[in-house]
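Shared between the two complexes below is chain A, which pairs with chain B and chain C, respectively.
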Partner chain A sequence: MSQSTSRSPIDVESLVENFNYRRVGKYALVVLFLGFFLVPLETGIMTALKTNSAIARSLPFAPPAGEGFTLTNLEYAFSQLTNSFVNSLLMAVPATLLNVLLASMAAYGLTMVSWRGQIAVFALFLVGVFVPYQAVLVPLSQFWNNMFPLARMLEPLFAAIPFLQGGHSRLVPLTITHVAYGIPICTVLFRSYYKSLPNSLVEAAKIDGASITKIYRRIVLPLSLPMFGVVFIYQFTQIYNEFLFSFTLITGSNHPAAPVTLILPAIGSSTEGIDFGIRMSAAFLAALPTIILYVAFAEQFAKGLRTESG
Partner chain B sequence: MGRIQLDHLTKRFGETVAVEDVTLDTEDGEFLILVGPSGCGKSTTLRMIAGLERPTDGNLYIDGDHMNYRVPQNRDIAMVFQDYALYPHMTVRENIRFGLEEEAGYTAAEMDEQVEATAADLGIVDLLDRKPGELSGGQQQRVALGRAIVRDPEVFLMDEPLANLDAKLRSQMRTELQQLQADLDVTTVYVTHNQTEAMTMGDRLAVLNDGRLQQVGEPLTLYHEPANQFVAGFIGEPMMNFLHGHADDETFTGSGLEYPLDDRLADAVGDTDELVLGVRPEAIDVRRADEATGEREPGPHEFRMQVAVSETHGDQNVVSMTVDDEETDHDALRAVTDGMHVVTQGDSVVVTIDPETVHVFDGETGETLCNRLLETDPELAAVSSN
Partner chain C sequence: MATRDTTEPTNQSGVSTDEVVDWKTKLRYFLNSDFVRSSPYWGIPFILMGIAVYGGIGYNIVISFTDYSGLQPPSFSGLDLEMYRTALASGAFREAAVNNFVLLVSFTVISLILGLFLAILLDHGIRYKNKVQTIYLLPMALSFVVTAQLWLWMFNPDSGVLTVIVTTFGFDPIDWLGNPRLALPAVIFALVWQFSGYAMVVYLAGLQSIPDDQFEAAKVDGASTIRTYLRIIVPQLKESSVSAAVVLMVFALKAFTFLYSLVGQYRPPNGTDILATLMVRQAFKFGKWAYGAAIATMLLLLALSVIAPYLAYQYRQGSL
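On to the complex of A and B.
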């Protein structure tokens, strides 16, 4: 009897030896947090895939069974969001690209080129990071509507572009606004990266006769590609998810230029109440572009974070 | 072409003075070495010549042109950095080509040809399509050199280029660099903290300490006729022995040592009270006590000492000795003896210091009062001691 237990494949003795309350506590905490973060997500996905009656009858996080499963929520949400996806990307992609490029140039000028007063200018950038969006909404709408009505000026031009309407011209001031407000934080991010690059590279290029612009184009820009990945992902997510500026400059969900964030609050709600299936479907579809971006750039993202800290 | 003049050059960083009032003149095609301990201002001086630092005071001329406000791009110089500073994202070919692109008057084909030729000179043709990260330290060093010479500049600047190589490669590159410099005949300023490198490579050395120029001269001049105690101690390995003490009645009294000063030394000392005697380790004669004098009392320039440590180098031995009947724990003298002449720890020895080989320094200022006599050219020594 005793022989057979000692030969059993599970080494009970060592399991007991390793058992202690600290370990148990640690794993319990991990499981708790895992649930905390994953259950809402799982519930959302399940709800998106259920019919209304299934949502009412089953537990929120239970998977849809048999008759309760449907794809109509997703189809409906997608048809509602198609236009706004185009609008959002039309605005967010150029805004992010411009933003990242300008911020990297600004950081280069503030870090690797020495000139009088650069600390003061950098201080301005730092202040820019802390300006709350809410504080500038009124001046912003004043500026773009009364002082410099760029959207109205560009309306005929946009009306002439196929697949777009004149109203899409409102995306231009929105894009510019995002570029302006994104530059400070992106500049700070780039600056910390440029500080970590060895100074001798720039010095060697200077001695090789390269001008300030050539040093940026040929040395600094290629070397900061990992950081471009990081800042691009970060800034794209910011701009894509932003609501207040869109709401101020485009005004409503029924405007032809409305981006995703303006459509999302209105979708799935009607006089009969809120359709949770449609809401959840729309939310996941809206999150899709940023998720794809993270997956596509995951490697570069990790690399950029590593080099930044190292 | 390529003559560099530093005229009372000074660089301050805030309150700290990095380089103070350095005046220096190179000849065309000269290999000048800036040497000194870390933080002595040699790199800052080089960076001022390169245009990477702007002088606080004084003037800098290259080839007669005033350079103080000229950016490095317009100075027609090339520099090799201590960390090589190769562009990590470019291949070796692109690295070397980069500087050429800014030079006027090359077609793309000529540039490629030039790169190939330079690579062939340095024996790195096989590496042209690799990235710097895939190269060994020595190979990176060659690429950095290639990047500098491909542009055929007026002046080469080198900031401790051999510091990151292992000892064997370093001595090999030392020879190659010398050869290269001689072939190209381009004025070169070379910074190092390594006095062996300085002694072996340079046409002339400029010794810096605390931002001040101590002495400029040919290696052997600095070795035999140092201008002050710092230069005497810095040049030469193992270091010159220094004995601190006073002069009384033509006799030098140090810790546990009395050394009679002959006429030459006594004249040079004059009224100076605080003295430092300097003797090169290789000028000290060491014999085992039983062989040397037997029971005879030691002569005026002989001392009985005890061997504390004997380092064997093969070709020579470095012997550290303490004064015989003295409780001091520090070594009084270090001597270099012939490789076959072995003494061991604890041996009693008799040390002879020939007065002709003695340098005398002012104990307070460190200035040289008198340098050793040279057998080959005693007149020269006599001139410099005045």
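On to the complex of A and C.
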């Protein structure tokens, strides 16, 4: 008895010691990686707030001190980006809405209604997720520039709209392009959600004689509202962040219809090199909408990513 | 038997009407079938997507067989494989293909290892796990265009963060992106920074599906934590690894935007030219549309060689 009681405190102590040692190590690693993932961002923001002389003199990640602090870079970057923010939203919001609606319909037709060969059709959607867009770029620019010059057709119409110029008509083919190439990934996201829904509701409605359209409008749509949120946030971020299609269809960072991502790589560079204060300000402003969306809806975003991998 | 024999002759006269009815009923059944009824739902997105993706790929392949370049419209007489021969014989193409391969493999492997490590780290009862996970994943929400600017500044040889780190250890500042031998590893490093969080999320989901009693059993058997993970847990994460690897590889194939945004011009830093940048440069800068299309087709084949086995695997597993 006495032996066991005298021994047990030692055991507990060594356990605690071991435990603490490992805990400290674990949390040190967690913090180290927090630094790893945040330093580039933090450095960018700090640089955005510094004067050029402060950028040259101080450590890049140190906060601006005293006279080194300035908002002129941010103001300048904002004035350069205002129009392109509007362009990005004019393109990304309708494209995402159409995308989400079409993808939900496609996933419904491919999941909740069963017919032969739907796996094969779905496989075609799935391959569309992984296709590198370079493989369609030449046809894409051919199509919108020579075969079906929609932007040129719509130019007079856009010129008549207040606040917009004729050049903004190029946003229309860009939006359609984003809708078409966004359908596969959004369909995959919706399909995995619909497959997880219990089948009994749809079966019951079928037995009651509800049509396919009625089932979609009365049952599936209300049930998939949370998924609409997930896919909308995910796809909006993707389209807002996208560069290659804008680059192909709008060309040139000084075009009136250029979205944010097209302008950013050109801001603040001159023959003397890059003004990093301005460049970092612009990068921060360009990233701000996605950062806000991400922080507010982190769980939805992560969910979208998890389903993407199947 | 007998009844059927007797009814046969009477039916024979009505065969033609029967067939008509049959054909009509069949059509009615077909039109009422779930396939047709649901076709507006999946059909419209399918046509739009099909034209864009498969029409685009098909037309791209056709263009790659022509000599289309400059402002003249393409002529479709005399299709041949000349562009492919030119590409395979060109040093720039081979260099880009090698870089592409190095980028693809090392980025994917490093991201997977780091992602697995982070997932295991966070799976160990860390407090504020969700908040930490959110931060680890944050770079993923940023555009390639933005992260390229951030890393351009990080790698800046005059006063970037990495230069500060290198000089505090007493080394000379290194021009990471200006040195052709270091540029590709530097780009891979930045891409790992952006996407290892993704691998982490996939692995975390996989880890959560493994029942806790396996850890308990291994602990009772006296296995160390590292052994438990290597021998018992990691083999069960095979599916997570495969799906994360495929998505990461696709990200790597899309690295064009990152490379373009680093310099803001068609030519990426020396030593980082990949097939995607080569293709866009040939097509959109020099107007060699057919040549660009041929490179793009080979890039597509590379992507398909990754995706096709994955889809076949998923199909066999029944998880498609």
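Basically, the second predicted complex is superposed on the first by the 270 of 310 C-alpha atoms of A that agree within 3 Å, B and C clash if a C-alpha of one lies under 4 Å from a C-alpha of the other, contacts with A are read in each partner's own complex, and residues count from 1 in each chain.
Here, contacts are C-beta pairs under 8 Å (C-beta built on N, C-alpha and C of every residue); 3 or more make two chains touch, one makes a residue touch a chain.
Just so it is clear, the structure is predicted and the values come from calculations on it, not from any experiment.
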| item | value |
| --- | --- |
| Clash or fit, chain B versus chain C on superposed chain A | fit |
| Chain B versus chain C as contact partner of A:S200, first or second or both or neither | first |
| First (chain B), second (chain C), both or neither touched by A:S211 | both |
| Which superposed partner A:N241 touches (first chain B, second chain C, both, neither) | second |
| A:I219 touches, of chain B and chain C: first, second, both or neither? | first |
| Greater chain A contact set [chain C / chain B] | C |
| Which of chain B and chain C A:L89 touches, first, second, both or neither | neither |
| Smallest separation of CA atoms, chain C relative to chain B, angstrom | 7 |
| Doubly contacted chain A residues - partners chain C and chain B | 211 |
| Residues of chain A touching chain B in the complex | 198, 200-201, 203-211, 214, 218-219, 222-223 |
| Residue ranges of chain B touching chain A (in the complex, touch as defined) | 50-52, 71-73, 75, 77-79, 81-83, 85-89, 98-99, 102-103, 147, 151 |
| Contact set on chain A toward chain C in their complex | 26-27, 29-30, 33-34, 36-41, 43-44, 47, 55-56, 59-61, 102-103, 105-106, 108-110, 113-116, 118-119, 121-142, 146, 177, 179-181, 183-184, 187, 211-212, 216, 237, 240-244, 247-248, 261, 264-266, 269, 274, 276, 279-280, 282-283, 286-287, 290-291, 293-295, 298-299, 301-302, 305-306, 308-310 |
| Interfacial residue positions of chain C with respect to chain A in the complex | 33-35, 37-46, 48-57, 59-60, 63, 73, 118, 121-122, 124, 126, 130, 132-154, 156, 158-161, 164, 193, 197-198, 201-202, 205, 240, 243-244, 246-247, 250, 253-254, 256-257, 260-261, 263-264, 275-276, 279-280, 283-284, 289, 292-293, 295-297, 299-300, 303-304, 306-307, 311, 314-315, 319-320 |
